[in-house]
Every structure is written in C-alpha cells, then in structure tokens.
Amino acid sequence: MTGLVARVGRVRELGIALVLLLVVAATALANPRFVEAQNVRDLLLNASIIALLAVGQTVVVITWNVDLSVGSVLGLSAFLTAELAAANHGVPVVVALLAGALVGLGCGVLNGAIVSLGKVPSLVVTLGTLYVFRGLDYLVAQGNQVNAGDLPPELLGFGGGRVLGVPNLVLITLLAVLVAAYYLRSYRSGRELYAIGSNPGAAVLAGIPVGRRIFGAFAVSGAVAGLAGALWTTRYGTVDAAAGTGLELQVVAAVVVGGVAIFGGSGTVVGAALGALLLSTISSSLAVMGVPAFWQQAITGALLLAAITVDRIVSLRLAAALRRGTARGGHDG
Amino acid sequence: MRPAVLSVRDVAKGFGAVRALSGVSLDLVPGSAHAVLGENGAGKSTLIKVLAGVFRPDSGEVLVDGSPRPFADPADARAAGVAVIYQEPTLFDDLSLAENVFMGRQPLRAGRRIDTKAMHAATAALFERLGVRLDPRRPAKGLSIADQQVVEIAKALSFDARVIVMDEPTAALSPVEVARLFGVARALLEQDVAVLFVSHRLDEVFELCDHATVLRDGELVWSGPLAGATPEDMVRRMVGRELSALFPKQDTVPGRVVLEARRLTREGVFTDVSFELRAGEIVALAGLVGAGRSEVARAVFGIDRLDAGEVRVDGRPLRGGSPTSAMAAGIGFVPEDRRQQGLVMSGSIEGNVGLASLGALSRGGVLRRRDERALAADWAVKLRVKFARLSDPVGVLSGGNQQKVVLAKWLSRNPSVLIVDEPTRGIDVGAKAEVHRLLSELAAEGVAVLLISSELPEVLGMADRVLVMHEGRIAAELSKEDATEEAVALAATGRAVRS
Amino acid sequence: MGERLRGLLRWETALVFLLIVVAVGGGETFLSGQNLFYLGLDVGEIALIALPLTLVVVSGEIDLSVASVLGLSSALMGTLWNAGLPLETILPVVVVVGAACGAVNGALVTYLGLPSLAVTIGTLALYRGLALVLLGDTAVADFPASYTQFGTTPVPGTWLPYPTALFLVLALAFAVLLHATPFGRATFAIGANTEAARFSGIRVKRTKFVLFVITGAVAALAGIVYTLRFSSARADNGTGLELAVVAAVLLGGVSIFGGKGTLGGVIAGVLLLGALRNVLILDDVSTETLTIVTGVLLLIGVLAPSVVARVATGRRDP
Amino acid sequence: ACGGTTKDSAGAQQNQQGGSATADPNAKLRTGLKVTYLPKQINNPYFTVVRNGVQQASGEIQADFKATGPSDASASSQVTYINTAAQQRQDALVLAANDQNAVAPALKAARAQGMKVVTLDSDVAADARDVFVNQVDSSEIAVKQVELLSQAVGGSGEFAILSATANATNQNTWIGVMKQELAKPRYSGLKLVEIAYGNDDDQVSFQKTQALLQAHPNLKGIVSPTTVGLAAAGRYLSSSEYKGKVALTGLGTPNQMRAYVKDDTVKAFALWEPAKLGYLATFAAAALVSGQITGAEGQGFTAGTLGKYTIGKSGEVVLGPPTVFTKDNVDKFDF
C-alpha cells in the first residue's frame, strides 16, 4: 500500500517529466535544432521566470490560498529595480536583485497581513492588490519606459550570462526550486504549511501558528515575485509599467499542471516548476513545429484541461485503491 | 491528596443562546484518572476544549500547578504538557501517519531538519505499543474511523505529557484495542501522569477511573470518588430522573412491507445486507461505530451508489444513486451529522425546513414565501422548536432545536419510510424524549421507521426489531423480546451468528 | 452568524449609499442624460456577465472563462457573417455555442469533479484560442447599421442604451431566479453546504451544470452586444475582462466561498464601479488612480463585513 | 441566406468625406483651445514621447492640453475617453486609434457635437475623423526598410518579418508595400519566409524571434517594423550565437537601439521623430478648430517650427521622410 502511495506521489512528477521528454523528442524528430544547446538554453530561460513564480505560488497554494497579485508584483518590482539601476549605474547586480526581492516582500507582507489578520479569502484580497500594485506601477512609471540602453551593462550581462553554459536565470530558478523543495520537505514550518492546507481546523488544534504561517507563505510568494521582477529586468532590459500583466493565470496554470492541489495540502515545487517548463516548452514546440500561430493557444488550453483531467482520474483511482486496501487489510481481525 | 497539576475554577462558556458550561470546577491530579460523565450535549467536549486552549472561557480560570494560566491557543496548552485526544478525529488527510503523530514536534537532526527515519521509527513503536499494524508512511486519507482514533491516541502518547485528556477515545475501538489502550493508560498513571477520560461506556469508566465528575446541561451536578458508587447511581446523576420513563414506544401492529433491501453491497464498506421494513414498525440498526450502518442508510437513500443489490419501495425498485428518486418514493432521511449533512447553518429556519419541499412550495415556478413560512411555523409548533424568529439562521439554535429542524424538514414531506441516523445525538434530555415520542407517533400513523443508534438503551426502548451489524454485515436479527443488552452487544462484536 | 448576516446587509446598504454619494458628487454632468447613456454603455458587458456569474459564485464555483467565451462568440459572429449567413441566424447560433462552452465547463466541473478555478483557467485559454483559430487577426467591421445602432443609440425617447435595457430585463429575470425560485434556493443551499443540499434531494450536479450553461449563454450574448457596440468582431475582444467581472461580483458582497450574496448587491456593485470610473474620468483623474481605487474598493468590500462582524461580537473564537 | 440581413444585402458602407464646409486659410489661429491627447494606452513609452510634442505645440498656441487614456490597448478601451472628451466639450481630440472601427461610432458622435478629430500614427475609418497625420508616407518607409535589409544581408537570402499585432493597420500596410517592392528584379535574391507577430509585447516579440531562428535554419535577416519588436529582437540576437550571422533592421527608437547599433547587432534602422508627430497633429487640430482647414485635399496650414504642410488624399498629412540611424548618428538623438 505504502509502495503504491509513494509511487503515485513520485509518478506525479515523473509523469510530467515524461510528457516533457515526449514533447521534446517529438519536436526534435521534426526539427533537430530543437535540441541544440542554444535552443535548450532558450527553453529553460523562457520557463525560468514563470517557474520561479510557480515556486512562490506553490508555497501559498499548499496552504489552501492563492496569490493572484504575482503578475502585478513582478511588474512593480521590475520597474522599480530598473529605475534604481538606471539611476545608479554603479549598483552591484546582487543589490539590484535584492532590491527587487525587497519590493516584492513588501507587497507579500501586505497580502499576508490582510489575509491572516483579516481572516478573509485570499482570492479576493489578492485580486484587489492585483489592481492596487499595478496602479502603483503605472503611477511610478508615468508612461515612461526604462530602456536596455539606460541600464548598467553588468546588469544586462547578468541577465544574458551563463555559468558553464547554463544561463544565470535558470541557475537562480533551480536554486530556488531546490531550496524550497528541501525546506518544504525537511523543516517543521514547511510541513506545517501542508498541514494547514490539508485540514485548517486540525492545524489550529495541533498548535500550529496558522496565521503566522500563512502570512509567511504570502511574504515568500511576494519576495519571489519581486526577485522574478528584478530578473525580468536583467533579462529583457526594456521595462515599462505593463511588465507581467496577466501572468498570474499562467502561473496558476503551471502550478495546477504540476500536480499541486488547488485546494491545498499536497503538491511539490518540483512538480510546479516542471509544470511551468512543460507549458512553455509546449508553446515553443508548437511554434517550431509550424503549428499556425492561431492554433497554439487553443492547443495549450486543451492540453491544460487534459492534464488536470488525467491527474484527477489518477487520484480517484488511488482513493479507490486505498478504500479496497482498507477493506482487505481489516482493522481488528 | 496530591496537588492538582491542571485545574479549572468556575468556568463558564456559552455559544450564543446555548450555555455549554456554567460554573464548572475540576482538579486533575498526577497518577489519577478522572472521568467526566454526562449525556450528549452536557458540555464534556466543551470542558475539554477549554482545557486544551481551543476555547477561552467566558469566565473562570484555568490553573496549571495551582497558578492561573490563561491558554491563548492550543499551543499554550501543549507547552503546559496537556495532550488531547479530541472526539472528532483531527487528522491531515494528505500527510503520512508519522507526520500526523508528530506534526509541529518532529524529531530533528543537524540543522533543525526533520529526522524522517527517527520519526517513522518512533511512530512504528507507538503503534506497536497500541498493538496495531499501521504503516507510518501511508497517508491518513482512507483510514477507517477506528484507525483514525488509533492515530489520535498515538499522537497523544507521543507527548511527554503531564496530562492526557481523552474525549471518547474508545467509541470506535474493539475490546482488544480498548484493553491495550487501558494498559498504556495505566502505565502512564504509574508514571504520575494525570488522565481525564470521557466515555459513554460506564464499565470502562469504572475499570479505569478513580474519580468522576458529572455534568448536566453544562452544570456540575456531582463530583467525587467512584469507589462505592454503582453505574446506576451515575446514570441517575447524569439524567436526573429514572430511565424507564424515557422510551414511550407504543405497541403497533406491523402492516405490509414498504421497503425491501436485497443483498446490498458496497465494496469495502458493507456486504450482502438484506432487510425489510413494515408500515408502523420501528426497526433499529445497531452495531459499533464503524460497522457500516450509516453507509447502508446512505446507500438506501441514494447518496452513495451500490455495487450490487437493490432497494424496493412498495415492490418497485428504486433508481440507485439518486436521493431525488428515493424521496419521490416516499423515503425521508435524517442524517447522522446535522452540521454537515442535515442543515445549511447559515440558512434561515424556514429555509431549512422547506429545503426538501421546494417543489411543493412553489406555484408556477416561483417559490411562495408565505407557504414556506406557514409550513415552518406549523412544524415548529408541532415539534416545540424554541426560536426567536423563523428568519434567524439555524446556526443560532441549540443542538436539540437544530435536530428538530432537521426532523421538521423530513416530517413535513409526509414520508412513508423514515430513516433516522443517530436522531438524538447531541440533544438534551427533554428533547430526546420528545424525539422518541415523535418516532413512536409516526409509527402509530403507519410510517416505517429505520432507527440507527449507538445508544443501546435507545435501541432497546424504541425498536420493534433489532438488526445488529458487524463489519459491514448483518450479524443478527433480534425480536423485541430477544433484544437484550447482552445479545446486542455480543452480536455487535461479532460473537453471535445470525439467528 | 446573525451579526455576519447583518454585516452583509450593511455592506449592501453601504454600496447603495456610496453610489448616491458618487452620483451627487458627480454633479450635473454626471446626471445628464447623455452621461447616463454612456455610463450604461460602459458597464454593459461586465454588468451582463456579472448576473449569471453571481449565481455561479453563490453556488461555490467560479468561471474565469467568461471573457474568452465573449471573444469566441464575437469571432464566431464575424466568421459566420463573412460566410454570408444572415444575422437573424447568426445570433441564435452564437448564443447556443456560448451555452455549449458553458456546458463543457459544467461537465468538467460536475461530472469529473475538477476544481472550477483550474478548469476555467484551461478553457479561458482554449476558447480564446478557438476565437483566434476562427478569425485570426482579422477584424470584421461591416455589420449593418440597422443592427449596430442597438449598441450605439438609446431606446427611443429615453437615455437608456439598448444593452442597458437588455440588462434590466435580464437582471429582473436573474433576481427572480436567484431569490424567488426553488432553483435559486438550491443554488444558495449548494453554496452554503453542498453535502446538506445533496442530503435534501437537491440535484447538485445538474444545478451547477445548468448554471455554467447559462453563464456561457449570457457571456455569448455579451459578446454580441460588444460586437455590435463597437461594430467590430475580433478574436481578442474583451481580453482580461474576467477579472473585472469577478471583482464586480465580489464587490457586490457575494462570498467567494459560496452561499451568500444578493443580486441587488451585485447590481449596486457594478453600478458603483462604473459610476466611480465615470466620475473620475470626467474629473480627469488619472487611469493609475482608477486602477488603485478599484483594488482598494475590493479590499474594503471583503474586509468591511468581517471587521464589522468582529467588532459586533467583540470576541475571539475560532 | 433567405431574406435575412446578410453581408451581401447590407451592402458596402458609405464613406462620407469629412470637411464639406469651406475653409478660410487666413483665419487667425485661435488660442485657449481645449485639446485632449488620447494615446493607444497611457503607459506606452512611444506615445509618451508623442505626448511631449503635443504638449510643446499646445504651449506654443496657448492651448489647454490634457493627456488621458486607457491602461490597455484593447479595441474598445478608448471609447469611454472619447465620450468623456465630447462631454467635456473639448475643441479637439488628437488620438492614435487602437482599432479603426471600434472607436468610429464614438468619434462620429463626438464630431457631430462639433469636436475636431485628428488621428496620428494609427488611423480610423476616414469618415470618423477630420485629418490623419501620418508619420511617413507608407510606401516610402516600406521601401526604405527593404533597402536597409537588402544592404544588411548582402542582397540575397531568407528573411522574416516580426510585426506587431496582426491587425495593426500601419504594419499591414507596410508589409503589403514591402511585398510589392520585393517583387522587383532588384530584390529577386530576397525570400520572405514568415511573418511573425510579437503583439507589440516585449516578451512575446523576444520569444518569437527565438522561434523564427529555430524554424528557419537558413534565416539571414529579420525586419521588424515596430519599435517593440525591433528592440526585443535586437536584445535576443545580441546575446545569442546568431549575433553577426543574422542581420536585423526595422523601425526603432535611438534610445532603445543604441546598444545594439554600437555592438553591431544592427547596422542601421529607421524611424520618424515621434515628438514631431504630436507637434504636427496638434497644429493640424488647431487649424481645424480655427477654420483654416476643413480636412479637404489640397488645403494648407503652418505647423509652427515645422513649416507648411498640405493635406493630401483622403485627409492625410505626412510628417516627412524617415530618419535612418546608424552607429555614426545615433548619439545625436534622445527619444
């Protein structure tokens, strides 16, 4: 039985990885350049920012909450970071990234405070702050744009740079995934996030500081979105107030495809990051395969639905297996 | 006597109009097991939640080692060494059993990381001590009620607790596990742990405990040593009057068969269940918690799908998996959990009463508020529901009155078959008698009643016939005359064959 | 619980009060017939879609694909028009296709038991994608004036735009449906306690399914209104509108967890958002501020009832 | 179609030409005009530069100027602002339309109330405005880009176009002219293999560039006739291994492209000066309100420091030839 459960848990991520491989292999058959170093790098790069956001989102979603404001937080932080760097060319890259993360942290703290102190649904709160943060972004930008030319070359160099052939952004995302995965697996407070999402009432009885943990989850999501904003600036160079508009739904989609239960309690950041990679690889693949541009979005939508449907069927099977197992295993015999 | 490690002084706690506790005091002493007794809704669980830091009392105080210590939340109570086994299991479905046991207190290794291996080993050891074979790695999702209870007990044992509070821990356990639990509890008592024990099984209370406190309607009516007292004394203190007056089932002559269940089977839950209900008859479905009685009722009513078998009403087979068709055939169903299944707590009294009769209450597709209100008012009077306004949310009513609203919802449909699952759970003594009177009257009017109850006296007092379930099968069918406490208990624990 | 209910009532009263403040504050320009006409047009599609979405949210679900259904119906309208079909045929076909889109959402949510948030994020992409497949990047703009006038002129003798008249009729119908029929009662019961609803013989799946179908159909209707109003059928029509509609519904005091809310509140919420926008734009307040005001209103909308309830009870209980 | 309202039965819509009243070329330019500037969306930096021109001109003619607009560039989002301008009794509206049809009814209603409408950058249906100020002559800019491309790739090879949105009017017009131009024997070596759409979104354009290079191994060049697309493509190329192998040209702003011109990703690109566009449009609006012109072909007016302009076919005024930017001159511009 345990074997079964553990296997299914692992199969979740393995399954996504497998689908990913299939997509890559099929595309590579049609166009071998798809698996050349430059393209693989680009694939990873394209997914890295969404994957990073998905990591932060996962931390929130496993507590049975959601953060819809990530796109706006990213936009605000991207613009502020860009302005900061443009105004102070000597600013080290690390400081710029930290500044971005700090802006995001501020936003996340606000979200977390409202949700945990107000005891109000996070979907509504973060829908509200989605507008508020974007409005602030517009206010700050005043219709202007920071151009690549205005930014210090080191910053742009960082966004385009690589270590041992792996782009810096991919490395940062990878690091974030590993840290988050390890934290969620091996630390008490990480496990408590799962407990809260699994059964909020029981979490209170177990002495878990529910409000504080949820607050923390939003702070993390905000800080990660802020960092993603700073990375956005280093990568794209050109930033206006619209950066990251509409990203929130893509992030939620990646998280869902990655097998994170939208009602909390289960799922991993590795799955979510793979989900992000899968979605962006599919869209690259559709483009490379020569699927007409107008079909691509429809196909992506259909695949998303297929993914959650399959996931649901697998978990239903699992539940049924557990029920039978209990019946066979008999309790007191 | 030794000084108390944990006490409450004059605590009171109310929920809206309900006074769950008033002026209750209690001392828990190291090495002593203290029972709290009382009927359903007497305030036992509320008292326990005060001790656990879940509720803050409206007045009065909690003392640890003699000095006042207000618990702000359950974490405070834990810090003071209080471990609690709650009445309702509080497990995290998605997490492993080991994590459920050690949540928030997982063993750590270098770098404050969770030591998973140690955690699994410790959990396995706890299960060993309780004599069950459960895999610490499996998720809690899908555990039977009994196994859930075992995990709860393991959780409490995993503390180095100075006080262990147990709210009906044995309700779902078989005698073997109860014996093991008591073994563990006695060992803890030896080690000077204080135990608070709640159970409706008085024999267990006398077996384990040396002191007892009796609550009635939230008030302390008696407290003292158990030595020299008899179970009958305790019952009298709990109920406040002689028992026999409580079950006024009138004799009726059973009529034709209205409902027929044929070889009902739902895999992993119940198997091959067959029975008949006749007009004017009350048939009780008895058994231990977890025997599958509620599941049978749910399947008959069409909430769950059957894997095999069929239900016939007046000779016509019912379409499975559809409560609507069960209702059309004249079946009414008062479910066991009124908060989850019976009522829309935020809805008004009238809205809840009318909820199963929406079609009948509307004309031309539009709901007639006046008819709805009239229906609710009518039944509120018939059932003597106490309320301020019919437009008040049901949530503000006391438990007994809530139960009456559920009954009103179904009785107002004039069912020919009424299934009632634990109809008196959590309701006060007076209301309980009224529910019994009602059931009896219904039977007299020719309604066939299927009564599911965990309270043996209720079963014995009300039923014309008793079906006893054990592990998803009907283990015995007893006539009113044969249905003694002993015979039912024997069949329920699987030690009797079907007669 | 009683306090909560009263808090909710207060919130709806507050909405109407705010609406009056905005209207009075807007002065004569705001209350002029011409401005009210524009206001009616501006809230048009959001107001229309908010009606069925209110029911969906009351039942405890959500539909984020509405704006994509709007876009798809607009694209379909253009495609069929280009194919030479008469508008009299096109319009009903479009509404039926919208209903079918809703049926797909409903089937996935009810019969497969998938969370509606996830499902409708998927169909959001799917339906928008289908719109693009149909019409690509072209726009169809040669709809006859005899039809487009329904989107640009008032009902003769009034300042009511036709879409607003349509909205009023539908608002009445939905208000009756939600607050005065067994179906509406069932919707509330399902949202407040799905299990209790099922135990009361309410057909939970069927009810939710029907709600999604209705939402799809009305979203398609909104697509028609949109297309005629701008005499422009495009695949990207109404992109991003879903969040605005959800915001309007939540501002109207409907609980995201289901079981609570009134259609009156939502209508007041829609009008408040629209009127506030209108007044602020008339006063040349910047779009930035507008966006922030929308968000803050939403935050107040969700926080106010909970704060009021907590102050009223003055207790801290789980 | 039997008796219903179909495309055929509805027939072609009538185009009534603006400016039937008579013009008085010597009328005095009125001061104190109320002018509203309505960009495609308020946070589009290009239109912020255009706004500066509008603002400057407004200062010179002592007009009351204000800028307003939606935060998204969807087809319908400008309508509210047009209606508001009409209600506020503005004398003139200077706008860049997101959709040539969606705003037309509102513009017509506003004009019926006496407001003058001047479009710039992206036109609307001719009967919905008085004058359209075109940044460049469509064929001129298209021809220029083909010429730049041909030079950059050395006369032959496969190339792709990275456009904005698929229904951007100006983009499509230019692409049409480019195709005609390519048909000439001079360009027989050039082969257009794909038109990609970056939606004027930086990230999308960036990824489309990437996809283009993937899909066409022999790609020699990319033309992006939109500033967003060109900047994104430049950034991608400059940091990829295709730098120097795949040529890039198109329309871009000096500030955005400076880095890529200097690092040789781009040899030359073109653009008009956006501020001048706003400046000219404002003077055209003032001339309309003052009665100097009505929008009919052949009428003339003076646009401040820019000098005299004449209205061309269907109410169109052309700003002038595009500027070509290279490593040598790019530092002289700041926009």
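Should a chain be cited, it is by its letter among A, B, C and D, assigned in written order, with residues numbered from 1 in that chain.
By our rule, a contact is a pair of C-beta atoms (placed from the backbone, for glycine too) under 8 Å apart; a residue touches a chain by one contact, two chains touch by 3 or more.
For each chain, UniProt lists the protein as follows: A = Autoinducer 2 import system permease protein LsrC; B = Sugar ABC transporter ATP-binding protein; C = Autoinducer 2 import system permease protein LsrD.
Source: prediction; values computed, not measured.
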Shortest walk length in steps over touching chains, chain B through to chain D: 2
From chain B, the most remote chain by mean C-alpha position: D
Cα-centroid distance, chain A relative to chain D, in whole angstrom: 37
Intercentroid distance (Cα basis), chain C paired with chain B, Å: 44
Junction residues of chain C - those touching two or more other chains: 136-137, 240, 286-288, 291, 318
Residues of chain D engaged with two or more neighbouring chains: 42, 71-72, 197
Where chain B touches two or more other chains, by residue: 54
Touch relationships between chains, expressed as pairs: A-B, A-C, A-D, B-C, C-D
Chain B residues within the chain C interface of the complex: 54-56, 301, 303, 323-324, 326-327, 333, 335, 340-347, 351, 354-356, 358-359, 361-362, 365-367, 369, 392-393, 395-396, 409
Contacting residues of chain D [partner chain C, same complex]: 1-10, 12-13, 42, 66, 68-72, 74-76, 79-81, 83-84, 87-88, 99-105, 109, 165-167, 197
Complex contact set, residues of chain D against chain A: 41-45, 47-48, 51, 71-72, 196-197, 202-203, 206-208, 210-211, 214-215, 217, 228, 231-232, 235, 238-241, 253, 255-259
Chain A partner contacts - residues on chain C that touch it in the complex: 64, 108, 112-115, 117-119, 121-130, 132-133, 136-137, 235, 240, 243, 246-247, 250, 255-257, 286-299, 301-303, 306-307, 318
Chain A residues touching chain B - in the complex, by the definition given at the top: 1-2, 5-6, 185-188, 191-192, 194-195, 197-199, 201-209, 261, 265-266, 319, 322-328, 330-332
